[in-house]
């Protein structure tokens, strides 16, 4: 089974805080809007909602930060994923 | 009888959670916005609400995920359908 | 007496649920936003509110579905009609 | 004294329901948004609020329907008028 | 001292209802949004907030109607004025 | 130390009502939105938030009126300033 | 580990009020919206959310003021950072 996000959407696998702490590094704190670390599972074709070609700045396998409460949750093969729009992704994390 | 959605609208047949579980795979969970699996029944001509030609990225027969509470419900031949705009569709699911 | 809708407006004659049931087929149900079957009585010149030429995708005599609570109600010759904008029309129904 | 509406504004003289009933025909009913019959008294130069030339589709003397509670009320020579933007006008009524 | 409004702003001197009644003519009534008669004191350079050149349709000395509760109040030389944007002006009144 | 506002932002030094009254002239009153007299301390490069070149219509040293409760307050060298966007400035006051 | 902000985003290290006071100078006060001094840690590629190339006006190492409660908080290597969009940055501070 394969998931193909439409437009500028991105399917993300949220990463547990544990693995974050081990690998080291990204911990959301209590203030302001919170962020969440995740791995990119699938990306759309890079057009925004008005059909304009913007391109995808993230690719499958990237580790990214996104706003913790944005997006729509889905479950595939008993694993939870989140579908967000690319502008909801804050940054790419490179080890 | 035939239904022709206008602009970028899509007529969807929501699929039951049961059939989802059997075929395996997509289960909306409790957090965040929920998603719903559905089959595409009819598609519009691909123009958005401002009349701009964007094209349809889904076709009749596709299995798609959409935001569970978006769209307008209709009933044809005693079957419930939902009419959504294409940007409300999150992703295409390929088996 | 004749009614000429401005811009992308459409004058609709809402059809009773009874006639719907007889002819067969479209019944709004209780969930989500509801739809309403109607017959197109008059159409505007196809420009949207910003004056952009979009064209009319519905014509006089078409049977259409629209969001049940959109539009403005008027009464002509003791018959109730509803005036909606074309983007409020969901789909054309062909027998 | 003369009133010159700016941009796409239109000065309307609301017509009483009585005269409507006599001439026959347009009666707002209780559901949804209500409409009001009126006579066009003066029209602007046809540019919208962003200065774009859209042109006026109504002219002085036209009988029109508009959303009953839109616009700004003014009084000239002890007669009440309403100033609306052209997009607030639903349709022209021709006898 | 001189006041130079920026962009499409207009400095208005609201006229008292008394003078209106004497000269005759414009009286805001109780329904809907109210209007206010005023004299134009100074005008901006005619660009809107996005910097687009729209031009001023009112000039110093014009008598105009504007939405009674729009704009920002200022006081110069112990006289109250109101600063509005040109789109808040409904119409020019010519005697 | 020097402050360089980004885009169409302007750093203002609000002027006390006292000095206003002495020099004569601008007194905000109680009705509607209030205005505030201020001196321009620094200006941005004149692009708006979408990056469009609009240009600055105010320059360092100008006395301006702005909406009293707009902007963000900062303190430099124990002096309070306000950072506003150029469209929040109502008018330039020339003596 | 390296963080690459997307589009027009900027990663900021908020500076303590103490260091501000020592170096001298920027102290947010209680009124209106508050500002916060910060150091630029990483910048995006300068496109805004619609993909339009605007360019970055701040660079790594700059000291900037931003709206205190804007942005999303993240933690890297036990240090708190804030991710904001470039238009949320008010001004660059040069010593």
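Worth pointing out:
Order of writing sets the labels: A, B, C, D, E, F and G. Residues in every chain begin at 1.
In the analysis below, contacts are C-beta pairs under 8 Å (C-beta built on N, C-alpha and C of every residue); 3 or more make two chains touch, one makes a residue touch a chain.
Keep in mind that what you see is a predicted model, and the values were worked out from it rather than measured.
Of all chains in the assembly, those touching subunit B and also subunit G are A.
Centre-to-centre spacing of subunit B and subunit E amounts to 51 Å, using the average Cα coordinate of each chain. Each chain gets a centre from the mean of its Cα atoms; for subunit C and subunit E, those two points are 41 Å apart.
Per-chain CA centroids place subunit D at a distance of 23 Å from subunit E. Touching two or more other chains at once is no residue of subunit E. If the chains shown are joined wherever they touch, the resulting network closes on itself as one ring, and no chain has more or fewer than two partners.
One full turn of the ring, starting with subunit E and passing subunit F second, gives E, F, G, A, B, C, D.
By the touch criterion given at the top, residues 1-7, 9, 11, 42, 45, 47, 49-51, 69, 71-78, 80, 82-83 of subunit A touch subunit B in their complex. Per the touch definition, subunit A reaches subunit G in the complex via residues 24-29, 31-35, 48, 52-55, 57-58, 65, 67, 86-87, 89-95.
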